[in-house]
Structure formats: structure tokens, C-alpha cells
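Input: structures, listed below.
There are two complexes below, and they share subunit A, which is joined by subunit B in the first and by subunit C in the second.
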Partner chain A sequence: MSLTIKIEFGGGLELLFSNQKSHKIEVPSKIPARERSESERAVDLQYLIFWLRDNLLKERVELFIENGTVRPGILVLVNDTDWELEGEGEYQLKDGDEIVFISTLHGG
Partner chain B sequence: MSCGNPAVEGTDAVMQRKPKYDKSRICVKCKENLGKIVVRHAVYCKDCFFPFMSFKFRRSLEPFVNAKPDGPRKTALKPTGDILVGFSGGLGSSVLLDLIHRSYVSPNLVQTNPEGGRDHPRKDRVWKNVNICYVEVSDAFTQMKDNTEDIRHSIERYKGLEFTPLRAQDAFDPSWWAKTDREFDLSHMGVDLTSEDLLLSSISQGSSPKDSLRKYLSSLPTDTARSTALQTITRLLIYHTAHRLGCSHIVLGTCLTSLAVSLISSISQGGGFHVKEEIQEEWAPHSTQEVKSTRSHTNDIRIIRPLRDVGMKECAAWAWWNRVTVVGRESWEWTGSKPGIGKLTKDFIFGLEKDYPSTVSTIVRTCGKLAPKGEVSGQCLLCSRPIQQGVQEWKTRISIRSHNTDDSTPSDSVATALTPYLCYTCHTTLTSRSPRTAQDNPTNVPLPMWATSTHTTSFTSDALGVNKDDDIEVFVGKRTTEEQMHNIVKGFLLDE
Partner chain C sequence: MAPRLCGLCDNARAILKRPKTGQQICKDCFFYVFETEVHNTITQAGLFHPGDRVAIGASGGKDSTVLAYVMKTLNDRYNYGLELYLLSIDEGITGYRDDSLETVKRNQQQYDMPLKILSYDELYGWTMDRIVSQIGKKNNCTFCGVFRRQALDRGASMLHVDHIVTGHNADDIAETVLMNIMRGDIARLGRCTLICTQGEDTIKRSKPFKYAYEKEIVMYAYFKKLDYFSTECIYSPDAYRGHARVFLKDLEASRPSAIIDIIHSGEAFELKDEVKVTQKAQQTCKRCGYMSSNELCKACTLLEGLERGMANAGVTDRGRKKLEAEGPAPENLRTIPMFQLPNPNNGPSTTISLEASA
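Right after this comes the complex of A and B.
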């Protein structure tokens, strides 16, 4: 079972992802347990960020991820809504979600 | 072995994450719709966010459009000249251009304003001409893409604007300087960066403007100095172009976050005296003498940052939701260099904004209350910002500026020294200590046209703020040797 997610990059962030602004990806609906004590859990935005790093990111990881989340200066929208309203990395992904990453690092 | 309490460790020990917004997810303005964006702990829906942005933009711009600035007004906006938008292709300036176009250029304005007839004066365009000026800096670097055509393409969607592309090396190009309608002088001056006095001498005209730009930047002692110098060149190119085009206003896309970065960065580099200018300034295109004689000039250019109340996040949301094209700017990275003060400050402020969204606003508001101490003694030849009176004497007292004990005084070279005509920041930019290698030879370094032209044509009188016909009285700080001091007081000394 997997979820189809639409990913968009803006503000120059697409340069890190093969200069392609829009991607359609499939991620597993459950994150497999890493240890016996853990149970399977629904896939969340935090997982997606690392999935993008491992599967789509082409260069300069430090411009996308810092301290286990997206770098300060990157705005994330979940279905057109600020991810701070959706619980940031804890937001549980749903099939058909649209996640947008916009870099604000290109100044004035 | 952990020192913690094993009974409470694990998932239960993780503190519940506090939401980044106050109260509920309902918009704080309309109190009906579900919020779409969090702006410094407050939630806004899309319908309320757009007017909120436009309001903040207009509130920071319109009270300063008329020659006599005052509070919010309902009378007509009547600027004395045109407007120039300093455009970098970055997020802030792209959003600014979009807002300027929507508010003052878009032909729909006539239809949307129901008051008055079709030809009512209220429906006249505030600025007859809206100019966009872009400065391409790629030639200052070895491997940077020239974005001029991308920029031209990105602004094509806005009709009724005049585009003026420039290049950073224009600052060293006599043919560009001739176009600025200024007093034209062909003599070329170079500066010796090895001395604290920054002695000037004539240099040959052999090198191209691009080579001159590169020599100027590569001669500077630190990467921080290089970035600051390039920023100053870009800013002054825009100012002089605005003057040539007959503009009364320059608007820059510095948003709240970038303003906090530039304020902290500037203060860290000794620009505390320019805090006010960093937020908003009036630039006198003419000499220091005229500036000193009368403060209210009709042809002064007002530089405004209309996005100074709008954070970077709001700009990003505006750009995304309105499909504003952001070409982007490559970061200024010098080969094999460590990040400079500007880059470090930017990283710090961006991190701060993520964790404590209101603190960035506090930085800007606190800086806005600062009043620099001391009198203004003139206008800096390099950056056109005010020089604090007596700053060089102060610097001499508080810093060791030479390793050798040579007591040469600036009195011998006063006619050809640049130092007395620079502000503290520019002097530090040119002379700060660095691990500069021995093979570097920063002598005969070319200077931007505005610095040397002022210097050679009306240098002494203008910079000192006196009439050319008057006798010039120059005060020079002179270090006295122990022997000289002994000679002065020897008549009062008792024999041992």
C-alpha cells in the first residue's frame, strides 16, 4: 500500500532537485518499525523530508535539511496551508496530498 | 549509562510540542475562515492575508511619497519625480515589484476605483514612470551565471515599466559615469591599501572596467569587506541611475527579515552611525557642501523599503499564491573563502525567525529607536553615508594601527589621503587586518567613479564642507614622540 503525493518546489529550491519544479511520488503508507519494541506508524511529513533527501535530492543536502528538519528559511505548505497549522513534521500524509517547499533564502 | 530517571524516559518524557500559533486555527481577522498561514503567532486566511500585506506595504510607503513626509494622509500623493525599483531578482524585490505594479501601474485601477469620473485626478498614476534597475554582479565572480536575460524575461509580464540593466563594473566605467549627468573628470585615481591613510595616486587607464572591479574586490582584505564593497557598489549604481532618470523615490525589496540581517551585519562592521540610513534615507546627489548648507533639497532622492514590516515568510506566501516569478540570486561566495559576517548574520537571523518569529521584528524596531551620537562632518566618498565627526581621531586612540614605530604623520600627505573622507565602515572595509599574503600588492587599486571624480574635481572644498574660495583650515591628529614631548616640557624639568 502506498500514497501518491504531489511535491512542488519554489523560490529556487528546485535547483537542488534536478531543476524540476513539480514531482509526483509514491511513498509507503506505513513507516516500518526499526526495532522490535516499535510498532508500524503512519507516514508523516518528517519521513517525507528524509525520503526526498534520499530519493530526489541531487546536491547540497545542507541547503535543504538542518537539524533533522527543513532548513530555516524554507516555507512548507500542506495542501496550500502553512505546515505550522498542520503540526509541521508530525502531519500524517494522506493519499493525494500536495506538499510545497518554497525557499526564502534568495533575499531582497 | 544515562543520568536520567529511567521511569520517565522514552516517549512519555518528550515534551508536547507547543503550536506555533495562538488560540485557534480560525483567521484572526474575519474570525470565520480556516487559517492558511501563521504570521508571528497570528493565523490568517487567504482572503484576509492579501489585503493585510497590501496594507502593510502602503503604510510603509505612502506617508513618504510627498516631499514633506508626515503620518498617514488622505490627500493626493504627489511625488516630485519618478520612481525606481531596485530589483535583484530575489524574493523581496520580486514581491515588491508585484505590489508596486498592482497598486500604482495596473490599468485596472481606473475600473476598480469607483470614486470620481474617468479623468478624475485621483485616477492619475502616482508616478508617471516606473523604472526597474537591475545590477548584474556576475563579473565580480569567476563562475556565476549572468541573469540579465532571465530578469528581463521575468518582468515582461508587467507592462508599462522601464527596464534599466546595469553591470557592477559600470562603477569603474568612465562612459557610464559620463551618462549620469555629473561633473565629468577623466583623471583616474588609485588608492594604496597598505597604508592607513589610504594615499591616492594617479593610475593609467589601461585596464577595462571589469578588470578594475576585480582588482578592487580582490585587493580588499577580507571576504566580509568584499561582500560589503559589492553591496555598496550596487546600491550607489542604483542611486546614481535614479538621479539620471529624474526619480524622486527609490524603493528596495528589503523585507523585515533582510532588514534585520543588514542592520546587525552593518553594526557588526562598524556601521552603527548609519542605523537610520539602513532603514530609510534621503540621498543628496550633490556635494557635501550643499547638503550641509540646506537639509531640504527638492532633488534629494528618498530611499524607502516598503516591505520593512513584512517578513520573509509572508513574501514567500505572496509570491507563491500570486504566481510571482522569482529568478533567485546566487549567494556571493568567494573562492576558497570562509563565510563572511553577512552570511553568518543571515544564517543566525533565519534560524532565529524560525524558532522565535517575533524576535526579528523586535530587532528592527529596537534599531529604529537608536539615535547615533555625534555630529555629521560630511558624506563618505565611497558609500555616500554620513561621516561621524572625529571618528578617525577616535579610531587612532582606541586601536593599534601599525606594527612598526614609524611616527609618520598624515600631515605630509593630507592632500592625497582618502581616509579623512571615508566613514568608519568604509575605512574599516578597506583597511581591516587580514591574513593577506605577502605577494598581494594592494597599491594603485582603482576606486569607483563617484569616489575619484569627487576627489579630483572638487575634492578638498566639497568634502570638507567649505567654499572653494575660502581658506581651508585642516586639523590633523599628530602623534608626538617621547623626545618631542621632552623638548616641550624641558624648561620646567628640574636637574637630577
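Right after this comes the complex of A and C.
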């Protein structure tokens, strides 16, 4: 089972992702257990961020991830809602979700 | 999880958590409070008077694009009675400024505002591309900063505008406060939090977004689907500012009020009179008539250095002395046209060369 997720990059962040703003990706719906004591869990936004790093990011990872989450100054929206209202990294992804990442760090 | 309702209207679904207050609000309420706060900033500082001609310093980036949109909105909604212009500076950076100027030209259409583009090339005879090819990437930001500041004033003068508004936001100002503290630049620290700066005979500059958080500006642009350009300048960004920015963003992540708190700290510093005295008196540049604290303004010094193949002359005191030792400036030296302070009353009677609407 996998989920189809629409990804949008903006504010210059697309430059790290092949200079392409829109992506359609498929991620597994469950995160497999890493150890026997762990059970598999539903895929969340935190997982997606690392999935993007491993599968879509082309350069300069330090401009995208810092201390296990997106770098401060990157805004994240879940279906056009501020991710701060959706539990941030703990938000559980649903099939068809649209996730937007916008950098605020580029010149005004 | 049930959708959260807006903390203001208690009616629509919340889409944004405000960094300033932590409040959760819906899209319409967000637009309204964002615009109203800028309006309050403008009225409390008494920035404008009916009939004022005001230029918006437009780079095509997020801040100035949102500023142009909001200024137009507020001017219409509250009858400010302003004549608004877009003023852009073309530094001559291929692959950076040429693209962002396309954005400004679209904004000219979208917002129905006259646009003036002034280039380094026509004003100084040098593009940034050519300056960098001569001096390398070490001091290029010094040249660009000095040239841009003067170009904006000259563009304003050509538009008969005596007031420029810029898109500097709360994050930018907090960042500048931090940098001035780290550099020990007390004189600038006192000035950098002012919403409006004006010397005796300079062109007024204001920052209507002084209290607007960057997060909200970007969210506003996103939800309004405003057309802006975002790429870092290809010639080495200012590294020191970059560090201050990252530090500030880290602070904000742990406490969102940090940005406003730092601005308030900056405002709370007061300059003693004896410090103020050490600041040089303003005069006018003997070569180009621009405001200057020396005989020659910074731009003329930099330009002379470039023209005489001694680019460091305008950057360091040692370079300056070396240039002077080489003798006086040659007769045929390229100079900047004489500067004249704008006379806003002249506006309608004289012709202004503007960009044609495509």
C-alpha cells in the first residue's frame, strides 16, 4: 500500500529539488518497524521530510533539514493550512494530501 | 481531528498560527488583520499626507511585491490620496536581476502602477557583472550597496518623489539590530529601528512593514497568489548577515516573540548627545551633488577607483591614499550626473520617462 502525495516547493527551495516546483510522489502508507520491539506506524510528515531528502533532494541538504526537522525559516502547509495547526511532524499523511514547503530566507 | 475554528470570527476554519500572538485564524481574518496592522503602523507614525507622491522600492522579491499590493489596497480602502510609483534598480546582474525585473514588469500591469527602472549602467557606466569581472567577488557587495542606495534616491528624484517606501520587515530590522550590536555600531543601532529616516535634505525612507513578520508576508503572498521572484543574488550573499539571519530564525523557532522583542530592545537604546556629535556633518558631494559626509560621496569615490583601475580606493583608507598619491582625477573621468533633490510640486508639469506598459 502506498499514498500519493503532491509536493510543492516555493520561495527558492525548488532550487534544491532539480529546480522543479511540483512533484507527485508515492510513499509507503506504513513505516516499517526498525527493531523487533517497534511496531509499524502510519507515515507522518516527519517521515516525509526524510523521504524527500533521500529521494528527491539534489543538493545542499543543510538548506532543507536542520536538527531533525525542516530548517527554521521554511514554512510548511498541509492542504493549505499552516502545519503548526496540524501537529507539525506528527501529522499523519493521507492519500491525496498536498504538502507545500516555502523558504522565507531568500531576498525580498 | 476536527478542524480548528478561527479565533477571531469563530466561523471559518483556521489556516494560520500567527507568530506574533499564537492566535489561530482563518484566511479572510488573516488578510484583514495583516492589512489593518500595516495601516495602523502607517497612521500611528503619520507616514503620509494626501497628495504625497510615493515610490515603492520594488525588487520583484516577496517583501516589495507584497508591499506594492498592500499599499495599493490601503490607498484605495482608506483614501490615503497617494500617487504610487514602482521604482526598480537594475544592477546589471545577468540571470538574477533581469529575471526579477520581469516580475516587476508584471506587477506594473497587475497593480496598474507606473514603473521606473534605473540601471547602474546608465547612471555609473558600470554593470555589476562588469564590476565583478574587474574586482572579483570580495568587495562587490560594498559597491552594490552604495550604488543601490544612491540609485534609489536618484530614481525617486526623476519621479519627483520625495518619499521611498521599502519592504524591510520585522525580521530584517531585528537582524540589523543584532548586526549593529555585534559590530558595536551604536550610531546605526539607534537609527535602524526608526520607521522613517530623513536627514535635513535627504529623501525620506519608510518601512511600513516594520512590525510585519516575514512568515506572515510569505503566507500573505502565498494565499493571495502574488507573483514574486525568489533567488539568491549570484554574487556571494552577505555572509555576516546570513549568520545573523540563521541565529534569529533559531531564536524565533523557540520563541516567536523574539523578533519583536529585539526590535523593542533596539528602540530602547538612546544615543547620548556626545555620541551624536562624533557623527560627521552632512554636506554635498563636490563632484555629483549627492548627500555626503566627505568632500566626495562614497559612490563617486568608488567610481573613480573603478575608472582608474584602483578599485580598492573607495573601500579602504589605504586604497584612498594610494589613489590620491597618483595625482588628481583626470579631466575626462566618468562621473555621475548632478543630483537634484526632487521637487514634488513639479511632478505633473514635467515629463517623466517611465517604462512602457507591455
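FYI, the second predicted complex is superposed on the first by the 106 of 108 C-alpha atoms of A that agree within 3 Å, B and C clash if a C-alpha of one lies under 4 Å from a C-alpha of the other, contacts with A are read in each partner's own complex, and residues count from 1 in each chain.
Basically, a residue touches a chain if its C-beta (ideal position, glycine included) is under 8 Å from a C-beta of that chain, and two chains touch if they have at least 3 such contacts.
Please read these numbers as outputs of a predicted model, since none were measured by experiment.
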Overlay on subunit A: subunit C relative to subunit B, clash or fit: clash
Partner chain(s) touched by A:E90 [first = subunit B, second = subunit C, both, neither]: first
First (subunit B), second (subunit C), both or neither touched by A:I31: neither
First, second, both or neither for A:L56, with subunit B first and subunit C second: neither
Which superposed partner A:P72 touches (first subunit B, second subunit C, both, neither): both
First, second, both or neither for A:L105, with subunit B first and subunit C second: both
Colliding stretch - subunit B into subunit C, listed as 6-14, 402-410 or 438-446: 438-446
Residues of subunit A contacting subunit B in one complex and subunit C in the other: 10-12, 15, 72-73, 75, 77, 80-82, 84-85, 87, 100, 102-108
Residue ranges of subunit A touching subunit C (in the complex, touch as defined): 10-12, 15, 71-73, 75, 77, 80-82, 84-85, 87, 100, 102-108
Subunit A-touching residues of subunit B, taken from the complex the two chains share: 17, 19-21, 25, 34-38, 43, 88-93, 252-255, 257-258, 307, 312-313, 315-317, 319-320, 326, 328-329, 346-347, 350-351, 353-355
Subunit A - residues contacting subunit B, complex: 10-12, 15, 72-73, 75, 77, 80-82, 84-85, 87-88, 90, 100, 102-108
Interface residues, subunit C side, partner subunit A - complex: 1, 4, 13-17, 24, 59, 61-64, 167-169, 171-172, 214-215, 217-219, 222-223, 230-233, 245-246, 249-250, 252-253
